[in-house]
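Labels A, B, C and D are assigned to the chains in the order they are written; within every chain, residues are numbered from 1.
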Amino acid sequence: MFFASDNAGPAHPKVLEALTIANTGYASGYGADAIMDEVRDGIRTVFEAPRAEAFLVTTGTAANSLILATMSKPWQTVFCSDVAHIHEDECNAPEFFSGGSKLTLVPSPSAKLTPDALRSAILGEENRGVHGPQRGPVSITQATEKGTIYSLEELTAVTAVAKDFGLKTHLDGARFANALVRLGCTPAEMTWKAGIDAVSFGGTKNGLLGVEAVVLFDPETAWEFELRRKRGAHLLSKHRYLSAQMRAYLADDLWLDMARMANARTDRLVAGLRNTSGIEFLFEPEANIIFFSATRGLHRKLHDGGAVYYIMSGELDGDDPEEMLTGRLVCDWSMTEDGVDEFLALFDR
Amino acid sequence: MFFASDNAGPAHPKVLEALTIANTGYASGYGADAIMDEVRDGIRTVFEAPRAEAFLVTTGTAANSLILATMSKPWQTVFCSDVAHIHEDECNAPEFFSGGSKLTLVPSPSAKLTPDALRSAILGEENRGVHGPQRGPVSITQATEKGTIYSLEELTAVTAVAKDFGLKTHLDGARFANALVRLGCTPAEMTWKAGIDAVSFGGTKNGLLGVEAVVLFDPETAWEFELRRKRGAHLLSKHRYLSAQMRAYLADDLWLDMARMANARTDRLVAGLRNTSGIEFLFEPEANIIFFSATRGLHRKLHDGGAVYYIMSGELDGDDPEEMLTGRLVCDWSMTEDGVDEFLALFDR
Amino acid sequence: MFFASDNAGPAHPKVLEALTIANTGYASGYGADAIMDEVRDGIRTVFEAPRAEAFLVTTGTAANSLILATMSKPWQTVFCSDVAHIHEDECNAPEFFSGGSKLTLVPSPSAKLTPDALRSAILGEENRGVHGPQRGPVSITQATEKGTIYSLEELTAVTAVAKDFGLKTHLDGARFANALVRLGCTPAEMTWKAGIDAVSFGGTKNGLLGVEAVVLFDPETAWEFELRRKRGAHLLSKHRYLSAQMRAYLADDLWLDMARMANARTDRLVAGLRNTSGIEFLFEPEANIIFFSATRGLHRKLHDGGAVYYIMSGELDGDDPEEMLTGRLVCDWSMTEDGVDEFLALFDR
Amino acid sequence: MFFASDNAGPAHPKVLEALTIANTGYASGYGADAIMDEVRDGIRTVFEAPRAEAFLVTTGTAANSLILATMSKPWQTVFCSDVAHIHEDECNAPEFFSGGSKLTLVPSPSAKLTPDALRSAILGEENRGVHGPQRGPVSITQATEKGTIYSLEELTAVTAVAKDFGLKTHLDGARFANALVRLGCTPAEMTWKAGIDAVSFGGTKNGLLGVEAVVLFDPETAWEFELRRKRGAHLLSKHRYLSAQMRAYLADDLWLDMARMANARTDRLVAGLRNTSGIEFLFEPEANIIFFSATRGLHRKLHDGGAVYYIMSGELDGDDPEEMLTGRLVCDWSMTEDGVDEFLALFDR
């Protein structure tokens, strides 16, 4: 009953096997390994983007920050949702890597940027000459930090606003696969065909040990990205061990299978919770992460029963058993049906 | 006959096994995994430093830059050898992480800082009020980038100069183990007992997939380091896979065994080369990395024979067969005696 | 009828005289001039703070950014009002000087931080371990960017919240004097007695050519400030010309006289406007800067009549004469009663 | 007998007058004043560069750092002499403004870059892929920090090396005028016709209160420069007072007259010193700054006699009267013949 995070579960056994297979003989370092050539080809194929460039890093924060720094100037501001991971959970990494650019937080009730709110935010900047920050790229998270998912229409409408102002777009795809299999579309449709210029293509939350691919649809930005990656100390010398993970991820659609498994368990969980009283979803659960409101008493019962998940607002150890607290449940690829059922059974105790 | 780099060989099989063993069940992320608790204890034991703090990152550049940034201020200058890795091969990462501090290059003929040269360099700064940079930490590489090794006396003499001026000291230990087993001393003797405040304790060049430990003997610097690590995007979510590597590294002295193997192969190589004409060592070979001078013709013969190593100055494909070029040979733990002998045999063809 | 800005009017003649008087013989540079000694003493006297340190820079942005950088760490966030000058009009200078810290915008309907809103914002950060930004200093503008003024009670209540969390406080006093004479209190009462740790003590908007004093009540922060000032290229070599301005500013309460003149003209203007129909104040006019709403038609009439001021929202050259646009009027020390009356007379045309 | 620095003397009375004349009525701020339009035209005329853009800042460090930041990327290195002001006396400002670029120090015995040494330094970088810093702009100081002057041929030969590698060139002209009148050439000949892309055109050391012009021969870099200037807090609101100084500087060749005065006094001083025993010039005195070696005893006699100048190496208050110490003498425009003669007379006491 471990619903704390999708980075707390194990990696897929095939990924471990891939590491062992890669661990023979010598291989050129720093991204010049032969496996990376396969990975690059694989990503181009998956994204139907033969000119795209792909790079690997070990954290989503690195992928996001390095892409945004490459896309922006330090006197600009990055537009993102007010609950964006790049704002809330990266300890100022975007500001650090960019050399001091700002984030403009766009009010996003369902964690999704809306065209109107984005347009209003963009209009609010770069209208005071050199005095205010200049407009920079737009960063979009899919699936969002709150478990909602942009439809292709919504995504395209948001990037269209960015394009109106000549701004570049970044997709934070820490849960890219979870969104993709839910939408049932292709990676191309969810990225460059929808107006996205660069993607943090997440692997870590979806069964890898720690690899994120950076996909740049504009190859002219690649060299700057490479220099920024090295300068940020994110170019691994024994790079083959990143390549091997990503090759295994793409092989035989393992990445899609794992996302489907995570989503299926989440669906089972949501269905169960809908049959339960005392629970309110704070966002429509569409991916593999659920935010729900319940009384402290109920949260305590669940925790006492052995469920592991985070309380996002308030303290579990407070006085009032009736106070409403927010809980977060995440299913990763390794979550079992039994695990879900066991958790749901706690409600009936 | 692959002598290109000690980050081109495979990881030790025990390290791969450790990953597989660690890959079960759920584990808290971001360094809160139970294996990391063991690693921390292990490092404290190895270094005889019960109050030390230890952290893991995936690259030596990250370890170096984050430590130096934690130790310094952006208006300071870091003192290092003029061939220091932090100067030559990190694409300005130290300047980036520190927010713009300088490096003062101390002339170091054998790649080792000498007390006199260091003192002279330190005296050359912080003598012009606010106009020049202020004195910052001293960074020392052991074994050096050129394969030489500080004796404990030399090391202590260098740190004593730093202490005279109240400056902190950093040890870039990308090849820590290779130096340690050569000196036959303890990790404590080569670090805090010799006046070192913080260590980049290398693992990647010595048989891991990609893990370096940061060892801070002053625990009061730990929290700032942690924040800098996160802000630098170097805190891995599925941290257990770093912890597992480092646990395996320390277990049963695997790290020392691997360094001994690398050094022994280098010794065999050096002994063979000393019996060869046409070769001149540019630095006394003391660790597992050798710089030698030879004619282009000889380098070509070796390459044509299948040897793989870097030409550090000049082009292999030049005209004059008599021009002297510098070659670099590195042995990692996985180098075999046969590999060495096969290479040496090329000279007699 | 020039109401565009208080940095558009002339400097006071006494200030020009002071420059000429200072322009004889040799003087040590970089702040070591004898006049600066007098200025330091003068500021200590004015602020009743014998241990305070004082420094001069040429822009308010430099004063603000250098103080905030000295007070904070790059992984922190600075709390300020959502209309703070440091956020809106400094082109990311605070982020630049701090090395990438964030600004957390506190909703402030009257441009004044309230204790509750500030507390809520502070509680919203530094509650996610290393993941989110850490809490940094609180920056308060007095008089605010919208022409409102904190009472001493309000000011103290805000700084008390900061103190509850151990956070430092900065006062952006670009219009310090205008607020001070309105409150009728002492500089000490409006700063350190009210819980302020450092002040950007404005001179440029109040009759100088271009000098702001930085007043640090904690002298232990002074050396870092000095290094940051030099590194920011804000230490003037012929510093005596800054010192001379500030000495003249403080002499015979010239600074207070100029602020009183600016405020008195604003009062006359406000009184006149209150007798006018078609005008609505967006903020209660308390200092020397007024924001008002009027139809495009009225704004056009005023502009056509020769009034010079900024339209802050919307375009003067739009179609609809009934659309409401925001105008901004600022009186500096040199504004005349005739200028005000002439402007008011435009309404009756 | 004040030879300490050319920023210790007074500003020219015409400059003070210009300030007073400019101090009437209202003027748009932030560089939009009408005087700046005249200054821009004046600079274009003086430099025979109708497309050049010109901006004013208050310190040479700001001019240098902002230009270099505009010309470079944070992962590059700036090539400069090993005694360059940007390296020695700007407290890491170039590294700060550029976001962490490096300076590569080119050995320059007479403080002048030579084509061979520069070429060698350039070849030493950008030859290790992403590992080392990439090649950035070349910064040249004219007149140099040691009082030597590049001939036009020397200057062109140095910039030709930069152009061979496609690198941009910056001229640090803190003593631009002193060099120019010595060479007897035109500003165009000493800048863009000699291959210079941007100039820090000094005024402060040559009779202004504190103004340096930035001249960008490539107008496409202007907007980035403007944003960097604002973000660096170097855009003055009451900009007219900078403009007025620069207008006065250019009017009737005041700037050239002042430089000729400073140089003539230096010539008189050098001629006198050549007739003196016990003095040795460390660099050929060509501009208005002299470095000389003399015994501690002689330095003491001069200081005791009332001469004011800096001892650049060693301590005046040491024991050995025969030890050789380096002194520095600077003449500014206001130095008198009597001042020089009085100083020279001290030698005969």
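A few comments on the model shown:
Note that in this section a residue touches a chain if its C-beta (ideal position, glycine included) is under 8 Å from a C-beta of that chain, and two chains touch if they have at least 3 such contacts.
Just so we're clear, the structure is a prediction, and the values are computed from it rather than from any experiment.
Relative to chain C, the most remote chain by averaged C-alpha coordinates is B.
Between A-B and A-D, more C-beta contact pairs join the chains of A-B. Between the Cα centres of chain A and chain D there is a gap of 51 Å. If you average the CA atoms of chain A and of chain B, the two centres end up 34 Å from each other. Among the residues of chain D, those touching two or more other chains are numbered 74-75, 90-92, 96, 99-100, 130-131, 227, 230-231, 235.
Those residues of chain B that touch chain A in the complex are listed here as 2, 4-5, 7-11, 13, 16, 19-20, 23-29, 57-62, 65-66, 90-93, 96-97, 204-205, 209-210, 227, 230-238, 241, 308. Of all residues in chain C, those touching chain B in their complex are 30, 73-75, 99-100, 129-131, 134, 224, 226-231, 235. Against chain D, in their complex, chain B makes its touches with residues 74-77, 88-92, 95-96, 98-103, 128, 130-133.
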